[in-house]
Amino acid sequence: MATTRERVEETQDQTIESPERYRSLWSDVWRQFRRHKGAMVGLVLLLVIMFGSYVGPLIYPLDPFAIDTSQASLTPSLDHPMGTDNLGRDVMARVMVGGRISLSVGIAAMIVGVVIGTVVGILSGFFSKLDGILMRGTDMFLALPILPLLLVIIMLFRDPLREAFGPELGIFILVVSIIGITSWMQTARVVRGDVLALKEQEFVLAAHSIGSRKRSVVFRHIFPNVLSPVMVAAALGVAIAIITESALSFLGLGFPSDFPTWGRLLFDAQGYITITPMRVLWPGILISLTVISVNFIGDGLRDALDPKLRSQ
Amino acid sequence: MKRIKWLALFAVLALVLAACGDGDDGAADTTEGATATTEATTDTTEAPDTGGMAGQGGALTLLQWQAASTLNPLLSGGTKELLAASLILEPLAEYDPAGNLVAVLAADVPTVADDLLSVTWTLKEGVTWSDGSAFTADDVVFTYEYCTQTADCTQSGFFTGITSVEAVDATTVTITFETETPFPYNAFVTYQSPILQKAQFENCVGTDAVACTDENFGPIGTGPYMVNDFKVNDTALYDYNPNYRGAEDGKPFFGTVLIKGGGDAEASARSVLELGEADYGWNLQVDPVVLANMEDTGIGVVLAGFASNVERLMINQTDPDPDLGDQRSEPGTTHPFLTDPAVYQALSMAINRQELVDVGYGFAGSPTCNVWPGAPYASTANDACLVQDIDGANALLDEAGYLDTDGDGIREDPDTGDPLFVLYQTSTNAVRQSNQDLVKSYWAQIGVDTELKNIDASVFFGGDQASPDTYQVFYSDIEMYTNGAGSPDPQTYMSNWTTDQVISPSANFGGGNIPRYSSAEYDALYLELTTTGDLDRRIEIVKELNDLVIQAGAMIPLIWRGSVSAFANSIGGVGDLNAWDSEYWNVEDWTRSE
Amino acid sequence: MGRYIIRRTLFAIPTLIVISFVIFAILDLAPGDPTASLPLTIPPEVREKIREALGFNDPFLVSWLKWLYQMMIVEPINLIEQMFNITIGDSENRVRIISWSSKAPVVDTIIERIPQTLWVLGLAFILGVMIAIPVGVISAYKQYSVFDNVGTFVTMVGYSVPTFFTGLLAIVVFSVWLGWFPSFYDTTLVVNSWETLVLQFKQMIMPVAVLALFNAAALSRFTRSSMLDNLNEDYVRTARSKGLNENKVLVTHVLRNSLIPVVTLIALQIPGVFAGAIITEQIFRINGLGQLLISAIQGADVPMVQTLTFLFAVLIVVFNLLADITYGLLDPRIRYE
């Protein structure tokens, strides 16, 4: 029984040293991942959505910003597959452009959040001296009122960022960093919990007892073993980021009104739900589908990365 | 161990149950109180029955999606609180929907003394407060003292320029002014300046005002209703006032009124127009197509009332360039191109105002080219702007030398070579954002590049000196919002373009001249207005002032905006929607028919 | 363990004071203004006077210390007084935390709002937990079975679809089209008869269902993954090979160990549930704490925002403490020294 664990530890220790074995671990993961139906469907779906968002606007002929009030609030037709909004703009064109922004925000913010969360979680779980301070810091971040915080951050940094990067990139950086720095805490706590448990396990104790340096223990033993919660956290992170971005747009704090994102489109459309329901449904469905796909991919990764499950 | 595992859960459960239990008890208490008062009142109202008994009509439900935070209007000044208090408290006189003054607690509407320095009000005989005590001139004087001695009084603007308010006898009050005041109807007029009961608020003056929670949440009034229960920012429940002076005629019809807050404009509209959950919905700034669609259900109707509110573009006369540092948007600097007549005229000509109305306001708005939109003060000199003229605007810019020299579709300033680029800000609001999008598209057609910015209303309309995003600080080229006069007389409102009122971001706080427009001609003419009593001449002056502002391009008017509210079809006796005063100004006449 | 609890509890106090300071500093920097909601017709001089009277222009440190004193000393005393109907010291002249917009004591307003928030959120939360744990456990135990696949998919959908979308759809379908449930929550409703109980049930069903689905989805996913981790542990195999019956293995070994992180998550989620109330309460028009916070932020009512966010902070700190203590009690491998 215990041989499984030993074998895995052995594999992981060697993977870092030899590049060939490293690649074979990942191809192993990929093999396992492909067996997860949900994850594969999610991956395909996500690729389709990403293709539609990033490449779609280049192919699709209609301009998402062209206003024509004589074409306002049309139901779907051949000319406008998703209908038009109250200013006569084509909803499909807007949904595609919106997806580009929403996905980019989601991915970028997730990376920020997960990196901070993992670092804090590992440091806090592994080094008991840092634990108190870092966890109180995490508590504080969790306890902070996000809304007024956002108001302040936007007030303080919108102008300088706009000056530095232009209105679009400026607000993008702002929104991404706001979501990132307000969403890392759960990851940190989960990672810390795992690290606390790992720390007491035999192989870590063994590594300590043979005189491994702390840094190598962290990188060789702790980090690979928290990878699966981190992956899951990353998947959830994209979801949370996309939803947070929608909520921000709702409060008028996100992107400006001429800068459609799925959240913004959904909130602009909610008043028209009985007249042009497609305007509400499409962004809502796409947000949901993207999040579902990402979550399934997270599930697949989790199973594929888990050595215990893989060996079964 | 097993027990401990569920400990956290049980703790939560206990917490929830305990709190729920408390809530029930509290609510039950208030109901008992309510029934008690109702019983007590039915005893006293065995009055002669002419038009049916007062309070026979059951419950009236009013939706105010922004609920009142207090019922003392002198401590709040927000429309939502003023409205909620207007069921209880009354002024001496109020405006009807047409903008005519109607006496309420006064016997009639007096005229100003010949020297324009005082006005004398005679009070209606036999008016009592809801507690049965008599309403006298002392209450009027007390209200003046209350507001002028209490720093928290938001309505002290209604008493500026007054040297004294004196009770000549129990039913006569004389107001004396510092300077000539041709229009004396500010103090004690409209629901914004109602009268408090001296006996109740005597100990609540000055710094004590804020601590008088019971008084502020349950003022005793002379109006048709009195407070039964009040929950901050949530609900206000009223019973009819059996001592109301109309009680003998069966007024008010409704026995109880509930003002319910929460949600947003669109949800309120749906409640009244589609679901029939409420009788009235306030301030429904919702896309007209959506409103019309809801109205088609056939159980309610949408009304609009017009005062003097104009959705406008303010054109920054000063330079908002951040490189200027502390000189940014300061009087003394000049905008690089927006003060050029060719530019601001072209910007105005390019706008299709009717389209803005159709998209955002429907029948609750109409295109206007004036600072003062309504008769009798509206000018006709600027009406050319009502028709969009892209070609004309392009020709004007071509002629003035603003050409697109680098072929990017944006014109360049011939003096500096910089592209015509404007930053255009407004508050966050769906209708404003759709109008912003449209205006941006018009200006793109005349080669002007626009960046849009929207700011949360609590910041944009706030006066925080530290914030770069308020409408007063005006760190953008153009900004859009609505403003209008507080009364049908334009004098106070027209002061917003005088040189004394010019805002300077570096000064502690400025006046109301947002675009920093300054003209000696305007100032002189305004001075004349403040000393002219003759109405015809006043109308003439206001029109001239209006034309000066428009032709100098300090403001591009867009839409004359009405207030929009919805009523259930079963509610009768409302008449026109009152935009000059409380929308509940005639609530005692409202009835329900089946 | 006892010493650990005492130490953590003592440590919570300075933490909370620091948090209150940070919140206060943020609010002080925030660009809002309490006079912003007043009509534009009110002149700037009057606005300045109002701001002065509210203490808006007071130095930051002065107003923070004043608030801290009121929050830590005046309000608890007042609460005790009201609870036991007694008078302690000079209660007449004790200045409580006063809201800038209503001019009423902040704590009274908050107490007024707690019932509706707890009714809806509490019920949704309990319901969510009650659905999530069995679903998560069975899903994991029968991994890749039909139940697991359906359960995983449903919880995934429940977790992925944002509540503002499901809430919006629920209102349109059940209030507008079908007319089954009211679209706004009546806080004046008093449950004292069968009919009013039905009404109360009707107005709660949509928000509770939407929130419970969301809570259950997140939690059952977590329960499942935690169960899966443990099901493959050596001790489970040992237990099975000892010949223990499957139920006993599942309940005493796997479930107990798997629920350790789940209990932590539940404790951690409770404050989050209050925060999540903001959007739900807006959509279903429940005048609860979330709505109070939003309107206070919009009105730049600093004392109200400060007190509410501080109470949220207290909740978080307390439940974190609770989570860590239960974690320590339940998992003997975790040692606090």
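By written order: A, B and C. Residues from 1 in each chain.
Keep this in mind: a residue touches a chain if its C-beta (ideal position, glycine included) is under 8 Å from a C-beta of that chain, and two chains touch if they have at least 3 such contacts.
Keep in mind the model is a prediction, meaning the values are calculated, not measured.
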Comparison of A-B and A-C by number of C-beta pairs in contact, larger one: A-C
Chain located farthest away, centre of chain C as origin (C-alpha): B
Averaged-CA centre spacing for the pair chain C and chain B, given as whole angstrom: 35
Rounded Å distance, chain A centre to chain B centre (Cα mean): 44
Chain A and chain C: spacing of chain centres that average the CA atoms, whole Å: 24
Residues within chain A bordering two or more other chains: 151, 155, 270, 274
For chain B, residues contacting two or more additional chains: 456, 459, 467, 469
Residues of chain C engaged with two or more neighbouring chains: 29, 31-32, 176, 297
Partner chain B, residues of chain C touching it in the complex: 29, 31-54, 95, 98-99, 101-105, 108-109, 112-116, 118-119, 122-123, 125-126, 129, 175-176, 179, 182-188, 190-192, 256, 259, 263, 266-267, 270, 282, 285-287, 291-292, 295, 297-300, 322-323, 326, 329-330
Chain B contact footprint on chain A (complex, rising order): 65, 67, 69, 72-73, 86-87, 151, 155, 159, 163, 167, 251-253, 256-258, 268, 270-272, 274-275
Residues of chain B that touch chain A when the two form their complex: 266, 286-287, 289-290, 293-294, 322, 355, 358-359, 428, 430, 433-434, 436-438, 440-441, 451-456, 459, 467-469
Residues on chain A engaged by chain C in the complex (per definition of touch): 1-2, 5, 38, 132, 136, 139-140, 142-149, 151-152, 155-156, 186, 189-190, 193, 196-197, 200, 232, 239, 243, 246-247, 250, 266, 270, 273-274, 277, 280, 284, 287-288, 291-292, 295-296, 299, 302, 308-309, 312
Residue ranges of chain B touching chain C (in the complex, touch as defined): 1, 4-5, 7-9, 11-13, 15-16, 19-20, 22-24, 26-28, 31, 66-67, 69-70, 72, 75-79, 151-152, 154-157, 160, 209-211, 213, 216-217, 229, 231-235, 237, 258, 260-264, 267, 270-271, 274-275, 277, 456-464, 466-467, 469-470, 472, 481, 483-486, 492-493, 508-512
